[in-house]
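For reference, the structures are reproduced in the following blocks.
Note that chain A is present in both complexes that follow, paired respectively with chain B and with chain C.
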Partner chain A sequence: MDFLFSYIALAEVYVLLGLSTNLLVGIAGIFSVSQAAVFGVGAYIVAQCLMTETMGFVPAMLVASLACIALNVLVTLPSLRVSGDYFVVTSFGIQLLATAVFINWTQGTGGANGLPGIPPPDLFGFALESNLHLVMLTTVAVALGCLAFRLIMRAPFGRLLRAIREDELAVAAAGKGVLQAKVSAAALAGAFAGSAGGLYATFLSFIDPVSFDLDASILLLTMVVVGGARTLAGSIIGPFLLLALPQVLTFIDIPTTIAASARQLIYGVLLIAFMLFRPQGLAGEKL
Partner chain B sequence: MSTAYLQASGVEVRFGGLLALRDCSFTVDRGRITCLVGPNGAGKTTIFNVITGFLKPNEGSVAFQGKSLDGLTPQAIVATGIARTFQNLRLFVDLSALDNVLVALPAQAGEEPIGAIFRPWHVAGAQKRRREEALATLEHVGLADRAHEFVRNLSYGEQKLLTVARVLATGAELLLLDEPASGLSAGALEGIMALLRRLQSEGKTLLVVEHNTRVVQQIADEVLFLHQGHLMATGSPASIISDPALAEIYFGGAI
Partner chain C sequence: MLALQLLVNGLVTGSALGLVAISFSLIYSTTKIFHVAHAGVYTMAGYVAWSLASRGAPDIVTLAVTVAASMAMGAFIQHQLYARLERRRATPLVVLIASLGALAVMQNVIAAIYSPNILQFPVPWGSKMVVLGGVRLTWTQILTVIASLAAYGATIWFFHRTILGKQIRAVASNPFLAEITRLYPQRVYVIVVAIGSAIVALPGILVPLDLGLQPYSGVTPLLTATIAMIAGGIGSITGSFVIAIGIAVLQNLSLLVIPGEWSIGITFFIFVIFMLFRPTGLFAAAR
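Moving on to the complex of A and B:
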């Protein structure tokens, strides 16, 4: 049971990340490959706040979200000037830069060794230590995230973002502010990724740069592609499915040294196969 | 002297060594259909881009209702009451016809995330009214029964009508239409000409780029003849079309 709870809690953290990535990449068409970097910043901020006992879990989450909003707006700004392929390269650079900071800034991040012993989240003076409690926390967070995502998709803002993805110039000609809309989308995606980071750090009680590197960013994109772009269902199915894969691999009798690379291999094959044969994913629209 | 409705004065646009517009000046009168004609490369679309703020001229300026448009963003220019279509349509093909129109409606509740998330009922209520508005706009151009169709399932003629619906949705008074009649079948052509005249009778002012001389003759009150980025002649459709010198330029007199 405990095992199932930890799987669900982790998958739900990734659902928040899936929503973030879907919003930015799927809906607004800002092809970011640096979402894991923002995720990491959220995780490190919450970890540091709790470990140094500067503040409780809720204010720490708030600080992390605000910081990630600012960060994501900043890293997305190039997309307002350079479009398409050029932005992917810029975003790639940002991700590499972030990984370098995560690894080398040992005082803040613990470097490659990571940060062990992050305290569990506390709500109103009550520490959430059991996996059941943590699942309840992540479930509430995901429910709120899904609600926000759905409301946005149904509102004129969602329609505006879709229109921007299709034709920015036509949106400007219709008298709409492309800049404000893109910045808003980036801010929202940042808030989602930042709070996912905080949940991740407190849930695992240990974080290191490997969770926030380029592979992680690509895993997020794979989740969106496999689950389905631009839909709520897609953002939920993708993470649950892809995170089940390592669990399934443990049932197959292969050496652990191979398991990690086998997983990467399968993720890669899935990404290619879906792009070629089912670009709309399991429950989404064509990316 | 009364100020012109739309006035372009001495507009110059250079693309590297190419002079796309040179000392281009003209006026457009309120409530009239003005056709912009001229051979390919005369600068017709370029002047559209200048008026709507997509292109900053190197020299000269444009004024609308006596107010300068210089330095305004495309967004701000739409807010003054000018909207345009594109020659290559630029519709949102993955959205429905209705959504294409809805995007262009001004000042909507829930157009930013805070309102969308924290005032869902207010947004839903407002959306319902805006949908009615958008449907009425579609009805106006004769696309009411196609409202929920995706753009890619519309015929080319219907797509052209939809671009007109989209500029109407912005609430603009001055409509800049880039080749609204090109590539249309005879039936669709009649339809769009009737629509343009109807818009005029409702008080809109139209500046239309058009190649088809028959269309120009039928709809234009005034014709502006552009050649090599310069206003070469202006007058009634009949006087422009019957001018042998202009016909020579227009129909490739260089041969």
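Moving on to the complex of A and C:
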């Protein structure tokens, strides 16, 4: 039962991340491999706030979300002003830079050893320690995230984003601010990824740089690609399926030394296969 | 004295990086595809060369087979992946995701076969030292500079003096018009990616001769090379080569003040400066 709970809670954290990646990649059409970096920034901020006891869980989550919004705005504003391919370079750069910071800034992040002993989240003075409570917390968070995603999709802003993905020039000709809309989408994606990071840190009570590297970003992209772009169902199916994959792999007898590469290899194959044969994913719209 | 040594080291790394930048720039300016999987071809070249060298193949055979293998891999990716996606009118985002998938596949196949640990080349002459005016250089480093300058010169000659080179430039500047004159853009794209992959095989062998091989080490040089390409002006071979050397020299000189693990930060800082003040690059062709 405990195993099931932790699987669900972890998958729900990744659903939040999937929503974030879907907003950026699926809806706004901006390719990004720095989602894991933003996720990591959120996780480390919440971990530090709780470990130094400077503030409670809820304000720490707010701080993390705001920091990730600021990070994404700072990153997208100069590069998207020029062109989409400049943002590809920027997002690779941010991802590698963030990994360097997570590994080398030992004071703030614990370096390669990570940060152990992150206290459990507390809501209004009530500490959530058992796995059941944590699952309830992540479920509430995911429900809120899904609601927000749905509202955004149906709002004029969501239509604007989809229009930009279809034809940027036409939207600009209609007098809409293309750059502004894209940066706002990135900011929203930052808020989602940052709060997912906070939940991840408090749920696992241990974080290390491996969870937030380039491979993690590729995994997030694979989740959205497999699930499907621009739909709620897609953002939910992708994480649940792909997080079950390592468990399935343990049934097949492969040496532990190559288990990690085998997993990443499968993500790569999935990315290529879905792009070639089913760009809309399992339950999404055409990318 | 240390500064002089670092300057020379920068020139050596820079000339190898320059070749990565040239090859990426050729592919990008012609096909308009952000060929992330190029980092995989670069890594693969090193491992092919290592396998041959450690089985005692003569150096010239190793070089020839490695270059041929890289060309074949590059042409395969263009012909079987990018051309297929192009026929389905895939968006640049879809092509980019597929390319990232190809990179993940190549890196992890290599990691599964050769283990993710560092491998050293079994070449005894490579690490022999020469002292020139107080600067210590290995034979590998001297060879790197000579080979890079020769490859740079050959590329310039090829694109300005041969028919095929001119045809490629014609397709790069306007594929639609080129098609009218009985050039087949898709065929030219395969040739260009093959040539780019052949060029990138050189640094792919020479850099690991000095520093050793690792399956995931291709992304950072590729990122630095794309930054050099953008800062040098997209489409300018000389621009990307010169700026790549400049970036490597700056990175090495920065070691005097900042520890080496932050060098990615220096590279990225240069990119942000260019993006803000001169997004078309230094050597951009007049439009």
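Just so we're on the same page, the second predicted complex is superposed on the first by the 284 of 287 C-alpha atoms of A that agree within 3 Å, B and C clash if a C-alpha of one lies under 4 Å from a C-alpha of the other, contacts with A are read in each partner's own complex, and residues count from 1 in each chain.
By our rule, contacts are C-beta pairs under 8 Å (C-beta built on N, C-alpha and C of every residue); 3 or more make two chains touch, one makes a residue touch a chain.
Because the structure is a prediction, the values reported are computed rather than measured.
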{"item": "Chain B versus chain C as contact partner of A:Leu214, first or second or both or neither", "value": "second"}
{"item": "Which of chain B and chain C A:Val25 touches, first, second, both or neither", "value": "second"}
{"item": "Winner by number of chain A residues touched, once chain B and chain C are compared", "value": "C"}
{"item": "Partner chain(s) touched by A:Gly56 [first = chain B, second = chain C, both, neither]", "value": "neither"}
{"item": "Contacts of A:Pro246 with chain B and chain C, given as first, second, both or neither", "value": "neither"}
{"item": "Chain B versus chain C as contact partner of A:Gly177, first or second or both or neither", "value": "first"}
{"item": "Chain B versus chain C as contact partner of A:Leu276, first or second or both or neither", "value": "second"}
{"item": "First (chain B), second (chain C), both or neither touched by A:Ala100", "value": "second"}
{"item": "First (chain B), second (chain C), both or neither touched by A:Gly111", "value": "neither"}
{"item": "Contacting residues of chain A [partner chain C, same complex]", "value": "25, 29, 31, 33, 78-79, 81-82, 84-86, 88-90, 92-94, 96-97, 100, 103-104, 214, 218, 221, 225, 257-258, 260-262, 264-265, 267-272, 275-276, 279, 287"}
{"item": "In the complex with chain A, residue positions of chain C that touch it", "value": "34, 36, 81, 84-85, 90-98, 100-109, 111-112, 115-116, 215, 219-220, 223, 226-227, 230, 259, 261-262, 264-265, 267-268, 271-272, 275-276, 279"}
{"item": "Complex interface listing, chain A residues touching chain B", "value": "148, 151-152, 154-160, 162-163, 166-167, 169-177, 180-181, 184-185, 187-188, 285"}
{"item": "Chain A-facing residues of chain B, complex", "value": "52, 54, 73-75, 78-79, 83-84, 86, 90-95, 99, 102-104, 106, 108-113, 115-117, 120, 123-124, 127, 130, 166, 169-170"}
